[in-house]
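Each structure below is given as structure tokens.
In the two complexes that follow, subunit A is the common piece, with subunit B as its partner first and subunit C second.
Our next item is the complex of A and B:
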């Protein structure tokens, strides 16, 4: 490599120059974009290898279990860099989300050594961890097997804590004795993503709180825009509870459980919970999609992208994908932070964190740890965030990166909502192993309330009774 | 080869198949008697009929029993009615009838999960073709699988669309295999058509009907793919049938013991129903042969 090009790349790797400046500089030196990318990847790989023996497990073959997701796509696009850095070979099985976690359960419950690492969410680790299926990564993080460049402190602290738990029902995430069941990779938090075209046509501003939201959503539904007001998930699944619903719920001061006499007691029928749930149900009844009870991530996103809904209260990245993908409303989506409770001062958002975990049945755990630290490294996170769709990344350094900020800044309100929401963004569920029973029943109860089969008040009392019974039967 | 060993060797494949069936079955019984949640390994233990007791005292479980039986009765009943009707229309082996029979078999060749996705689109209240068609006759805001009051009806509809051809094809084969003499004699005597149908065709066809119903009954009470793909058991618990409940218990709640207990109850129901049908099938076959 010529001296001038080398110096430029070194300046970038050393953090003294942005990616845009680097590419502009290389362009002036006559280096084309493809060649520049190659040189850059090469330099990043060399820089990572400088102070750590990445080749220690050369020749090892690792197998991953992945969910079909833009985050996984970004990793696959960069996988050659890992192979070059470590000399390891890697293969993967990739499944759509509808069946992904069933596949994980089947693979891990059978104690299969087929997979070394897998994608997971924190909630799943509340089952997988206590079951003994995952490795506590603390033993690796604090060992000599970790590169000094893998900067734990750079990972957003709420996320790192959300991925660790002691295994004792009700214990705080990231609290004393917590085991690091997985490492955050990239995540999503919940805000209002709205259709600017529809909002402008009706002279609406992004809603500030629940009552405001219902009012705006009803206006959209009644307008001649051929769209309903608000898209939220509604299928009979845990996935209905964790996005906007739980974020608004905790904003009203409600919680899923309270600790009473050393036991977890369901709190879905507290006055705060009932107040918020009344509003949520009203919102769906008056301005939600007609077939809300079948709505998953896909329908909520597709409707926003197709202009069939005026706004969604769901993942910020879902709005991002609709705003930047091949959709009818491309470029028309704006973002706004949301404080559901008008009396609250700042937004609260639950989070979903796509994370990476190590199977306890892997026969090459040390090598698997090399993959995990590469996949959660600053370098790969930055690659995914800029070259792929790995938004929102789990590392602060990526959020501080000018190129990333410039990319996200093209989405109206995205960075602003992120900055306002992220301080209050964490997992608000009480960690306990019956998470999926509880949240599926919760979703089923919401479906009954929206269908007016049972009044909210009565439905929540029934739900709390049923959950308390299940907790008791499970010995919790 | 030693003549004493040969019989054992010849029956070995059957023995292996038996073991392959019986071992998982016995393991499932064993698990169903355990408190066994994968996420709570420290609580694992033998509780005898604790899981069954918990099921039988749970209103949710009885709802599941009711929904499963309603689903089975309606799907099998309507499929039999439509399948028999279509088979009677297509009983003569003309070119048109043969082509029509093949075309009507198409839904059966569609994977049920794919059929569910197609129906999900067709019944979308916003843009579904079926929603549009019923709006033409004044039915608006019909929510299909999205409402607890209509979800069961919707999944039954999909099942009927997929499986009616199964009954139809069995009964066409049965009708075409019936001896012609009784019908010719009845025609010569000027016997009314309804009499011929109820007193000759139906009794002679009964073994075929029972066979078709038995197959559909076993399949229908164990339905999973159509319902899971369309509603996941919801809204509420309105379409939560045995298999979906057991699947959720295992794959989502990791509760192996309870899942196994649900499947054991399902097995008992299926076994009893099959026994009743097989006994009737033998009796009716003998009667049908006697009638010939």
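Our next item is the complex of A and C:
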């Protein structure tokens, strides 16, 4: 490599120059974009290898179990860098999201050693971890097998805590004795993604709180924009509860459980919970989609992208994909943080975190840890966030990166909503093994309330009773 | 002499037309979708007239999808091959094992005969997941996990009971006198089976084979649990177009069109046998 090019790349790797400045500089030296990218990847790999023996497990073959997702796509696009850095070979099985967790559960419950590492969410680890199917990664994080460049403090602390749990129902995530069942890779938090075209035509501003949201949503539904006001999920599934619903719910000071005499008691019928749920049900009845009870991630996203809904209260990345994909409303989506409770000072958001875990049945755990280090490293997270669609990345250094900011800045309000929401973004559910049963029943209760089969007050009392019975039967 | 009034004729034709539209419209719409981009498909209201594109088929057949991240590999054609290979081989194995078994159940009375036949049928009643998790442990132990042989073996749970029970009915409908006459001429049971019984039951065997093929083709969960990504059939493969970034409706539609072609071709080819075979089995005289 020529001296001038080398110095430029070293300056970038050392953090003294942005990616844009680097590429401009290389361009002036006559280096084309493809060659520049090659040189850059080469330099990043060399920099990572400088202080750590990445070649320790050279020749080992690892197998991954992945979900078909833009985050996995971004990792696959960078996988050659891992092979070059470590001399390891790697293969992967990639399954569609609809069936992915069935495959994971089957592979882990049958104690198969086929897969070394896998993608997971935190909620799933509440089953997989205490069952002994996953490795507590604290054993590795604090060992000599970890590169000094893998900066634990750079990972957003709320996310790292959300991925760790002691296994004792009701214990705080990330609390004392918590085991790190997986490492955050990239995540989603919940905000308002709105259609700027529709909002401009009705002279609306993004809603600030629940009453405001209902008013704006009703205006959109009644207007001649051929769109309904607000898209939220409604299928009979845990996925209906965890995004906007739970974020608004905790903003009102409500919680799913409280601990009484050493036992978890359902708190879905507390005064705060009833107040918020009344508003939520009213919002769907007056301005939600007609087939709300069938709505999942896909319908909520599609409607926003097709201009069939005025806004959604769901994952920021869902709005991002609609704003940047092959959709009718491409470029028309704006983002805004949301404080559901007008008396609250800052937004609260539940999160979904795509994370990476190590199978306890892997026969090459040390080598698997090398993969986990690389895949959750600053370098790969930055690659995924800039070259792929690995938004929202789990590392603060990526959020501080100028190139990433410049990319996300093209999505109106995205960075601002992230900055305001992320300090209060974490998992707000109480960890306990009946998580999926409880949240599915909760969604079913919401369906009955929206369909006016039962008043909100009565419906929540029934729900709390039913969940308390289930918890009692399970000895919780 | 035709006594049908013109009004009745018109009514019948209209009713037939309505039924045809009811059943064929979803397929027609899927074919139209397969020639559209996602943006065209999601337009409100949907349109019947549009500029067609072959990009969905190109992406599936070439196995390459160009996205913002770069070129991504699609394995749909491999999934299609897996479905074809697994279904065909499983049906062939089930025919080889099942037709003689069906003949034995139809012609001979032996100890525990009915119990064995019913046990075979009862496998069809069990929820697949109930069988699959213990099987998964067993396959890990004996090295059959993630192998085509293991999967073909498990597919017998679908094919074998169908073939045994359907073909048994046909053998029972054929008079044993023809076989007895052939035996008196000095031929063995095996010769009688291959030269008399099987040719006479051919429509029934074809019908049972085709039905088994369709059931095997539509299976979803066996390969999902017991195989890795490179052993997955189209039923799992088609879901790969449903991702967090959105649903690629055009590619799903193209995948459906491509995946129904083999079954459609086989059904058209075997249509005569199928109708004859099914009606023969249904009518006792």
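Assume the second predicted complex is superposed on the first by the 476 of 476 C-alpha atoms of A that agree within 3 Å, B and C clash if a C-alpha of one lies under 4 Å from a C-alpha of the other, contacts with A are read in each partner's own complex, and residues count from 1 in each chain.
One rule holds for everything that comes next: a residue touches a chain if its C-beta (ideal position, glycine included) is under 8 Å from a C-beta of that chain, and two chains touch if they have at least 3 such contacts.
This is a predicted model, so every value here is computed, not measured.
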Which of subunit B and subunit C A:322 touches, first, second, both or neither: second
Touched partner set for A:308, first subunit B, second subunit C, both or neither: both
Partner chain(s) touched by A:359 [first = subunit B, second = subunit C, both, neither]: neither
Subunit B versus subunit C as contact partner of A:102, first or second or both or neither: both
Touching partner for A:77 - first (subunit B), second (subunit C), both, neither: second
Subunit B versus subunit C as contact partner of A:269, first or second or both or neither: neither
Contacts of A:94 with subunit B and subunit C, given as first, second, both or neither: second
Where subunit A meets both subunit C and subunit B, residue numbers: 102, 106, 109, 308
Contact set on subunit B toward subunit A in their complex: 35, 37-41, 43, 54, 60, 120, 124-126, 141, 143-149, 151, 230-237, 248, 250-255
Residue numbers on subunit A that touch subunit C, as the complex places them: 68-70, 73-74, 76-77, 92-99, 102-103, 106, 109-112, 114, 226, 297-298, 301-302, 305-308, 317-318, 321-322, 324-328, 387-389
Subunit A - residues contacting subunit B, complex: 101-102, 105-106, 109, 126-128, 130-132, 235-238, 289-294, 308, 433-434, 436-437, 440, 443-445, 447-448, 450-451, 453, 466, 473-476
Touch list for subunit C against partner subunit A, complex: 37-39, 42-44, 67-70, 72, 132-133, 136-137, 140, 145-146, 221, 224-225, 228-230, 232, 236, 239-240, 242-247
